Every structure is written in structure tokens, then in C-alpha cells.
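In the two complexes that follow, chain A is the common piece, with chain B as its partner first and chain C second.
Now for the complex of A and B:
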């Protein structure tokens, strides 16, 4: 126990700061990946409900593939594929040798692609749940399109989407641990480094688990608050 | 894209399929065996039963599967002498059993919540009717509660099974050569990630498709009595 306190503490020889900094990387990586995923998911959802059968088909295929294939495999594809593409481009402009992709950017991109597939489903469900009468009423009041979008459509869309987005966020947070395999020093990787250099894997992985748990719980509270905000104006009971 | 490369790597990737199937089926099976009593136990609403179960579920749902695998494989290795004393070290020494243990504990946590939701959806009237017929609590459970629960919980449990199939890929990080492990190996040798992703991805998608079809067939069977009988028009 004293071992654990010394190793995880903030004195010299303690890994406290390193683990907290790595938790911050995990958080920033997850937020960046989740945001990119929201953009991709929004576009994919729009494509799914669009008139174009080609666009709908592409979006459907995208969702099926990235929700059905292990995330680790997707991460390998993007990491190695990206590096090879970058090396090829490097050769054109006269840079020889292998160019590795920046790990943070690759991680964000990977989480964006994976979570986008899940978020597309959430947004599509929210769109289908939207009460058409509300939209018609907005136009009947003479609201211009953008005002209707901002005042009527988006708030109601978010009402249906937030619970689903909350689930995807929890998934993203846990997926971010997989980015450790491409060398980004986030929480999981930092725990591995600590475990390796002190030969105390149990202490370090328990600490990592505890930190993930804290991040997941704290952000879960935020999402519940968001849910309350979007549910304002809904009669209950 | 050349066909010979595909023809070469597909058989290599398929050699990992049995391991992927074993990891997924064993952990799903063990997971259900643990999840069902955990879900049923919470029906007593006793704080001393609920608290430990809720804590277990929250921990395994709130932390990444990769951390769980590492904690069991590397972390428990520190207590080698303790496990040797107990005579179970041969289990914790093997990455295979560590992966199955981690996957099982993980899916049992999610599964118990799915089954708990299914149990809650059983209408009280059905249970009252069973009691009125003089069924014992055990018979009520077996004949009334569990069949209804199964019908309600199956779609969500299907998603969980798909997640487990995907989860088995993490076993490659603790040296097990299942499909993703082999795929990673081929990518690092050949630097052809796109072709390898297409082949390995196709195997996973086929597997998931087969599981989805199988579950749909089971769901169809469980819902037999709810559909109107087929009418033959003579």
C-alpha cells in the first residue's frame, strides 16, 4: 500500500503528474475524435435520409463496415495506410524514407471514423423521431429556413439525440485506450510505461482503471445535465 | 489490386478464425452463466446483494476492456506466488485464459444489465396469473418469467454478442494470434494495410452477419405464439 502511494504520488519518483497529464491527453483525444465523429456522423445521417440512393447506399455501407469490424483493425488500417500515403507523398516532393503519421492526429481520425458510424445511427434515429408537424408549424409562422433550423429543428433533434450520443461518448472514451497501440502516450500507454519501468503492473493498471472510471463518471454527469437541458419544455407525467 | 495476394492472405487470416470463435463463444457462454444469477439476485432488492453487484457492473462498464485484459494478464501476474499456492497459476499464466476471463467478466457486466431490463419488462399480471394457477415460484420463473425475459432481452443481447466478437480482437495485444493478430502481422510484413483490412474485415462482417441471422431465427421461434397462425386458402 505504501508502495502504491509512493509510486502514484506527486513527489519525485511518483507517477502522479504523468498519469494526470496522460488522462488529459485521453480526454482531449476523446473530445477531438468525438467531435470529428459528430461531423462525419451528421453528414452520413444526412446522406442516409437523402433522396439520392447512391449517397444513402454509401453511408449505409460506411456504417455497416465500421460498426462491424473490430476497432483495432480500423486503427491499424488508418495508421499504416496513412503512413504509407504520407511516405508516397513525401517521395514526390523529394523526401526519402518512411514517414510515420503523427499519433494524435491518427488517433483523432480513427476515433472520428469509428464513432461517426455510430453517431450516424443516433442522428438518423433522432431525425426520424422529429415531429413533422413542428417543422411545418415553424414554416407556417413564416420563419425563414435558418431560423426554423435553429429554433425548432435542432433543439428537438438534440432532444432525441443526446441519450444516444451519451452512449457513443462512453464508447469513444474506452476506444481511446486502443490508440495506445500506435504509440500515443495517453492514459493506457502511460500506465504501460509506468508498469514496465517499475514492475508494478497491478498498481498502474488499477490506477488507470480508476482514472478512466472517474473520467467516464464525471462526463456522464455532464451528459445527464445536457439531457435535462434539452428536455426542457417537455411535459411529463 | 492483385488477386494472388488476396488468395495468399485469406487462408492465412482464416487460420485465426477458430481462435476468434473460441474466445467469443466461451466468453459469451460463461458471461450468460454469470449474468443471469446477477440479474435475478437484484430482484430481491436487498442492499447487501445490490451494492456489490452494482459496483461490479459499474466498474466493468466504466473502464476500457483493454485495461481489464492488462490488469488480469500483467497485473495479476504480480501475485504469482499467491496463485501458485492456490494451484491456479496455470490459468493466470496463459494469455488464452486471461483473455477469456477478461472478456467474460466484461460481457457478464453488460449482460446482467440487459437481462435485468428484460426481467423488468415482464408484466406483473402474467406473474400474478401464474401464482393464481398455483405455480411455485420456481415454476413461474422457468415457465413464465424467463421465456418473456428472453424474448425482450434477445435483440440487445445480440448487439452484445457482436461487440464481444469485435472485443476478441484485443486478445491479439496479449500475444494471441486470432484474426486481428494475424492481420497485424501481415500488415507489418507486407505494408499492404488496405488489402489486409478488406480481407479481415470481410471475415468479421460475414461472421457478424451469420450471428445476426441466427439470432433473428431464434427470435422468430420465440415469438411463434404471438403471430397469427398461417391460414391456408383452400
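Now for the complex of A and C:
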């Protein structure tokens, strides 16, 4: 027990700061990846429900591939494949040597692409759950398209989407641990380093689990608040 | 049109001519390690890399008069990242094996660290504790005799090894018919399972086993039987580099020769692993 306190503390020889910094990396990486995923997912969902067969097909293929392929494989492909592609292009234009994406950018991109595929489904479901009459009524009032989107469509879309998005967020948080394989020192990798370096795996993995739990519950509160806000004006039960 | 032709020719020349150019000696290199494999290479609480291989890397760089950056990378990503050029050298307790030689190149070994079993002191194999025997797998008669002596003592036991290592290959090849093998992603995972009683034995490098067994929860365990090297373990632990970096390989080999000759490797090795892992020429 004294070992655990010393190892996880903030005195010299303590890993407290390293673990907190790594938790921050995990949080920032997840938020960035999730936001990128929301943008990609929104576009993909719009394409899925659009009139264009081509766009719908592309978005459908994207969703099927990235929800079907293991996340770890996507990360490897982007990181190593991305470097090879960039270096090859570099050679073509006369730049020699290695050109690589920073691990954080690759991680954000990977999580964005993966979570985008899931978020697209959430947004599409929310769109399909939208009462058509509401949209028609907005136009019948003579609302321009943007106003109808802002006042009628988006608030109701978010009402249906937030619970699903909260689910995807938890997936993203756990996917961020996979980014450790490409050398980014986030919480999981920091716990591994601490475990391997001090040969005290139990202490470090328990601490990491506790930190993941804290991040998940703190952000869970935010999502519940979001749910309450978007549910305003709806009778429950 | 003419300009276009010149440009096309230049690009073509660049693409074909590149590998044919004589290699210049590098001025700065990046060396990668795992950073989570105490005492060979690990990270301290301040995030600084330490250990036998970190000391040795700094020593070799000083001998080669190169400026070196040492970085840490997850084990699974080491070889792919080397081949795409993210760094130039791997020094991460990586054995020189034929399988790895298909993909990358290695320097001569800078350490030979035999592998062995760790078991409970009161188990059958525990009777062979305290052996300082070193068995080279190329010496088939001696290897066969030692393995045949150990087999009945290990019958039906569950042995933990780190997956995708020469240790895993060795146990499969020589003890696969009598033991049950369980593979783990990292060594500390099999350490935990040994302490939990889920497995009966570990098979790993003896220096790593010594570090594990020094911890309080392992007082009833011991290293038992001889240490094995050569054969599936390859030629020892070497520095990995890309196949095309021939000049760098020669520079590193020369520096390792010097470090072996003047006793530097022995000194660093005694400091970190308490035994001498200097390769025998």
C-alpha cells in the first residue's frame, strides 16, 4: 500500500504527474476525435438520406467498412500506410527521407474516421425519427430553409441523437487506448510504461482504470445535461 | 515540351538513381527502444529513459561521434515504424532471429541473455534451482540431454510466455508436447498470472526473471534449470536497422567491438542486470 502511494504520488519518484498528463492527452484526443467524427458522421448521414444514389452509396460503403474492420487495423493502416504514402509522394517531389504524421494527428484522424461511421448511424436514425409534419409545418409558416433547420429540425434531431452520441463517446474513450500502439503516450501507454518500468503492473493498471472511470463519469454528467436540455418541452412517460 | 522532357528525365533519374548513390555516413540518428522493459530499457517517473540499453546507446553514439535521439515506441509498432523510417535503429532487447532478418537487418549481438524457466520452489522443476548451466542450442547433444531431463518435471504444467517472441517459439518447439502454453502480450501480464496461480511456470530471459522474482510476491518462486541460447533465440540481442543502411551497420558493429573489448558492456551490464551479458565471440 505504501508502495502504491509512493508510486502514484507527486513527490520525486512518483508517477502522479505523468499519469495526470496522460489522462489529459486521452481526454483531448477523445474530444478532438469525437468532434471530427461528428463532422464526418453528419456529412455521411446527410449523404445517406440525400436523393443522390451515388452519395448515399459512398456513405453506406464508408459506414460498412469502418464499422466492420477492427479499429486497431484502421489505426495501423492510417499510421504506417500514411507515412509510406507521404514519404513516397515526398520522393516524387524531390524530398528525401521520412515524412510522417505526428502520432496525435494520426490518432485524432483515426478516431474521427471510426467514430464518424458510428455517429452517421446515430444521426441517420435521429433524422428518420423526426416527425415529417413538423418540417412541413415549418415550411408552411414560410420559414426559410436555414431558419427551419435552426428552429425546428436541429433541436429535434439532437433530441433523438444525444443518447446515441453519448454511447459513441464511451466507445471513443475506449478506442483512444488503442492509439497507444503508434507511440502516443496517452493514459494506456503511460500505464504500460509505468508497469514495465517499475514492475508494479497491478498498481498502474488499477490507477489507469480509476482515471478512465473518472473521465467517463465526468463526461457522462455532461451528456445527461445535454439530454435534459434537448428534451425540454417534451412530456415524459 | 523540351522542359517537360527534362523534368520527366530528372524525376526518372531520381527514382532509379537513388539507391545506386554511395551512402554517406549519417550525422544524426534516432534510436528507438520500448521504454517499458526494466532493467534493459525503461522510463523513470520523470519520463526519462533509463536502463542498460539506454546507457549502451549513449556510449555507442559517443564512439561513433553521432548525435543521437533516443525515443520510446510500443513493442508492436517497433519493426513497422523502423521500416517506414520513423527512426533508424532499434535497441529494445530484440533477439536477432531468422524471421526478423527477413524484414530488417541487425548488428552483431551486443548482449547474450539466456532464457530459462521460473517455477515455484516446491514444484518438481524447482529441484533444478540454482543451475548456472548455459546451453547453446547448436550443441544438439547437450541440448537434447537437458531438455529430456526437464520434460518429465514439466509434464502437464501451464507455461506463460510473451507472444511473438523467441521464448514462445522455443517452448512450442521443445516442450510443446508436454506442457500447455499460454501466450501474453507483455511479460508483466504473465508475471501477474504466475503470482495469481493461473499458470505454473514462466519462460523468459533469465535477467528479466531475476528482476521479477526479486519482488515480495514471488519469494516462493525460483529460476530453475539451465539457461538456453543460440538456435531459435538467434545470435543474441542486437541492434535492428533497415536493410539498406549498410554504412550505419558497419559503424555500429565497430563501436560494439570496441565496447566489448574495453569492458564497457560488462560494466553497464553489471550495473543494470547484475550479471555479465557480454557476448562470447
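We take it that the second predicted complex is superposed on the first by the 234 of 237 C-alpha atoms of A that agree within 3 Å, B and C clash if a C-alpha of one lies under 4 Å from a C-alpha of the other, contacts with A are read in each partner's own complex, and residues count from 1 in each chain.
We adopt the following convention: a contact is a pair of C-beta atoms (placed from the backbone, for glycine too) under 8 Å apart; a residue touches a chain by one contact, two chains touch by 3 or more.
Here the structure is a predicted model, which is why all the values come from computation and not from measurement.
Asker: State whether chain B and chain C clash or fit side by side on chain A once the two structures are superposed.
Answerer: Aligned on chain A, chain C clashes with chain B.
Asker: Once chain A of both complexes is superposed, is A:94 in touch with chain B (first), chain C (second), both, or neither?
Answerer: After superposing on A, A:94 lies in contact with chain C but is clear of chain B.
Asker: Quick check for you: in the superposed arrangement, does A:57 touch first (chain B), second (chain C), both or neither?
Answerer: In the superposition, A:57 touches no partner, neither chain B nor chain C.
Asker: Applying the touch criterion given at the start, work out whether A:144 contacts chain B, chain C, both or neither, answering first, second, both or neither.
Answerer: Neither partner.
Asker: In the superposed arrangement, which partner chain does A:181 touch: chain B (first), chain C (second), both, or neither?
Answerer: both
Asker: Touch check for A:189: first (chain B), second (chain C), both, or neither?
Answerer: The answer is second: A:189 touches chain C but not chain B.
Asker: Now for A:80: first (chain B), second (chain C), both, or neither, which partner does it touch?
Answerer: In the superposed model, A:80 contacts both chain B and chain C.
Asker: Answer with first, second, both or neither: which of chain B and chain C does A:102 touch in the superposed model?
Answerer: neither
Asker: Touch check for A:202: first (chain B), second (chain C), both, or neither?
Answerer: In the superposition, A:202 contacts both chain B and chain C.
Asker: After superposing on chain A, check 149-157, 185-193 or 239-247 and name the one in chain C that bumps into chain B.
Answerer: Clashing stretch of chain C against chain B: 185-193.
Asker: Shared contact residues on chain A for chain B and chain C?
Answerer: The overlap between the chain B and chain C interfaces on chain A comprises residues 76, 79-80, 84, 180-181, 192, 195, 201-202.
Asker: Quick one: which bits of chain C touch chain A in the complex? Just the residue numbers, please.
Answerer: The contact residues of chain C facing chain A are 11, 14-15, 18, 34-38, 42-47, 71-74, 76-77, 80-81, 84-86, 186-189, 191-192, 211-212, 215.
Asker: In their shared complex, at which residues does chain A touch chain B?
Answerer: 64-65, 68-74, 76-77, 79-81, 84, 170, 173-178, 180-181, 188, 191-192, 195, 200-202, 205-206, 208-209, 212-213, 216-217
Asker: Under the stated contact criterion, what part of chain A meets chain C in this complex?
Answerer: So the residues of chain A in touch with chain C come to 7, 12-15, 18, 76, 79-80, 83-84, 87, 91-92, 94, 96-98, 100, 180-183, 185, 189, 192-199, 201-202.
Asker: What does chain B use to touch chain A in their complex?
Answerer: Contacts found on chain B: 58-59, 61-68, 70-71, 74-79, 162, 165-170, 172-173, 180, 183-184, 187-188, 191, 193-194, 197, 200-201, 204-205, 208.
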